[in-house]
Amino acid sequence: MSDRLRPESTIDLAASAGTLLGVLREAPPLTHCITNAVVTGFTANVLLAVGAAPAMVDIVGESGMFAGVASGLLINLGTPTPEQRAASVEAVAGASAAGTPWVLDPVAIGALPVRTALAQELVAQRPTAIRGNASEILALAGLSAGGRGVDATDSTDAAADAALSLAARFGSVVAVSGPVDLITDGQRVLRIANGDELLTRVTGGGCALGAVMAAFLGAARRAGVDAFTAVASASLVYTIAAEQAALRSTGPGSFAVALLDALSAVSAADLAAGARVESGAL
Amino acid sequence: MSDRLRPESTIDLAASAGTLLGVLREAPPLTHCITNAVVTGFTANVLLAVGAAPAMVDIVGESGMFAGVASGLLINLGTPTPEQRAASVEAVAGASAAGTPWVLDPVAIGALPVRTALAQELVAQRPTAIRGNASEILALAGLSAGGRGVDATDSTDAAADAALSLAARFGSVVAVSGPVDLITDGQRVLRIANGDELLTRVTGGGCALGAVMAAFLGAARRAGVDAFTAVASASLVYTIAAEQAALRSTGPGSFAVALLDALSAVSAADLAAGARVESGAL
Amino acid sequence: MSDRLRPESTIDLAASAGTLLGVLREAPPLTHCITNAVVTGFTANVLLAVGAAPAMVDIVGESGMFAGVASGLLINLGTPTPEQRAASVEAVAGASAAGTPWVLDPVAIGALPVRTALAQELVAQRPTAIRGNASEILALAGLSAGGRGVDATDSTDAAADAALSLAARFGSVVAVSGPVDLITDGQRVLRIANGDELLTRVTGGGCALGAVMAAFLGAARRAGVDAFTAVASASLVYTIAAEQAALRSTGPGSFAVALLDALSAVSAADLAAGARVESGAL
């Protein structure tokens, strides 16, 4: 990747991400999550570690009003019970009415019919950002039947066209997670080569990133920063913390612990020193 | 706080807490929890670490009978699905009929209507103890609209009058969690200055304390110890373990791990050496 | 136990388990879990650590078709909401139709009526394997009212007759977890003396083993290995990793972390060196 690196864009994102991280920590964005039962605790801990204020309000009769007062919202479809499905629809309506930025994470859509139908319904409400692995982004764009469960069985770049298509149709920033993260708003594209393979050995390694994106979108809105920069900043902060954590780990258990410690300590200087970002054409 | 410290009351609580911890570990109290989806695993691990026997029985048709045979019960309203709401009402009826002590933790009530209504319904059943942050205690007493999510936006002492009022109306021990924990039964009051700020950086840091209170109430009932002493003992054991954990931590991830280790090892001698407790007027 | 040890059977199981572990890691079995809310995250992390691919698909309309494509299925009855109960019935039908091996973990059955009725309904569908503590196995066989919650209040050998009876009636491999694990298919019996008491101090210590059994059954099916060997292999791998973790732990918190690290690193050589297995009569 180094041959295609453009140092100036690397520096730009690292600087923006560092600034936004400071904004977030100074006034923790209330980050509303409707997420799956496997990763609720880890997701809340990731948000607390990075400096945000998580709130998992996922019942009918509360999620809509809460999305209206939250700084950012995550809808993750990992274990969509009937109650969560209804609460998600309610929350998206509340977020849309109030202008709260929101992230859609269409976990394991494609072959599984209930969540796939819900994802199609929700994406039509124009999420601020969409995060998934390549299989999920392909499936959401209608270009693939999806992966098996939450595995990424397609490479990130294989989903570039699908990401562009989703960005154009729904006005969303689309982030495709993988060894290299691809982020686009339909006009601009960034590839972030940071991260560590251990993120795939911890449940919620990807899901929690969606929540961090919601938190950064909340901070960015307050700071007048655009959604593309916010989503890319969240990815950079998260993957650089993951690299730091990997250095202190002896396996996936200690990595998950070290990731939380690293997220609470990662600094603007760390981002500037570690970012491996490429901007350019799709 | 040192100028208002009364050494004799410090020693009293530490001694009582040490004795009760021994009782609990010798015959682990079966601690029935209906708690939120974010913290179920952490809460069970906290209970196991301190020496109790957790059981998360939160479905209709089982929670009532189980509350009747359990040693203590926790009702935590963090993510109250319809099933959990019905199971909570059933469990409180079972606990009341059998004399099982129970704890109400009214997470994030105030602005959120579903849980607020349920909290009002449950508090009328006279919980043995109520645990919350200042915002939640104020909201439960009808004196505030509550915080934003689970944040404490009011200081502990700001909720002193609300705590007194709840204690008087419902015969409950009321514990207000914060940098200094305030505990009252309407007659007596204790302030515990132990703990560590990292408890607020781990999801379930407060919720798990409610479960520990339920466990200590179970042990206390067997030992013929009053509920006020039991609730204060739980707070002291938990916050001193937190201090020990903070010394061995490099961030919120390692803190949560170290807290479990510390809870399993904390001794009566540690309590005597570390307690910073003040008794006195509200 | 050493006086009754048969070295040759120890070596046999260790060798089989080592081979199967290699098969599993080379092609991670998609392991479908419908499990309780307390241990979902830990269970997924255990599966990822050992080398399997977890997927928690627990809603109606998806669980049946998913069980049909999964390599193995776990049904754990720890917190059986109405949605999970219906999804479990659907999943077992899907698994049966497709020949997917599946594990039933009848958590805390006996006194609790809803899960006990469901366990009886599911066991009649002839699970490939049944895992529980002695109290649960006795209750499932109709020989006891069960334990209090998830505690094992009976010793492993006390459930030997119940295990034999279940194996004969339903054609299942039955694994009774305890200080010594007992595994039988009605003809053969193995006792595995590996493990550590800390497994009982971490929530999900037993539940996650059920998931590992489902993963090993998936790998075994592909490799043409029988279910009895698969279940015993899963127990051996898990309990030897637990011994390694205990050596690096200072309490239940650090043990849970170290267990995940150990599961990701445990090797065939470790199994051969550490196995304490006895085969013989019940």
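Read from first to last, the chains carry the letters A, B and C; within each, the first residue is number 1.
Criterion: a contact is a pair of C-beta atoms (placed from the backbone, for glycine too) under 8 Å apart; a residue touches a chain by one contact, two chains touch by 3 or more.
A quick map from chain label to UniProt name: A, B, C = Hydroxyethylthiazole kinase.
Note that the structure is a prediction, hence the values are computed from the model and not measured.
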{"item": "Topology of the chain contact graph, where touching chains are joined (line, ring, star, complete, other)", "value": "complete"}
{"item": "Same vs different contact residues, chain A (Hydroxyethylthiazole kinase) with chain C (Hydroxyethylthiazole kinase), by half of numbers used", "value": "different"}
{"item": "Chain centre separation (chain A (Hydroxyethylthiazole kinase), chain C (Hydroxyethylthiazole kinase); CA means) in Å", "value": "34"}
{"item": "Residue list for chain A (Hydroxyethylthiazole kinase), restricted to those that touch at least two other chains", "value": "37, 40-41, 81, 256-257"}
{"item": "Parts of chain B (Hydroxyethylthiazole kinase) lying in touch with chain C (Hydroxyethylthiazole kinase), wherever the complex brings them together", "value": "30, 37, 40-41, 44-45, 48-49, 53-62, 65-66, 69, 81, 83, 256-265"}
{"item": "Partner chain B (Hydroxyethylthiazole kinase), residues of chain C (Hydroxyethylthiazole kinase) touching it in the complex", "value": "36-42, 78-82, 108, 111-115, 148-151, 200-204, 249-254, 256-257"}
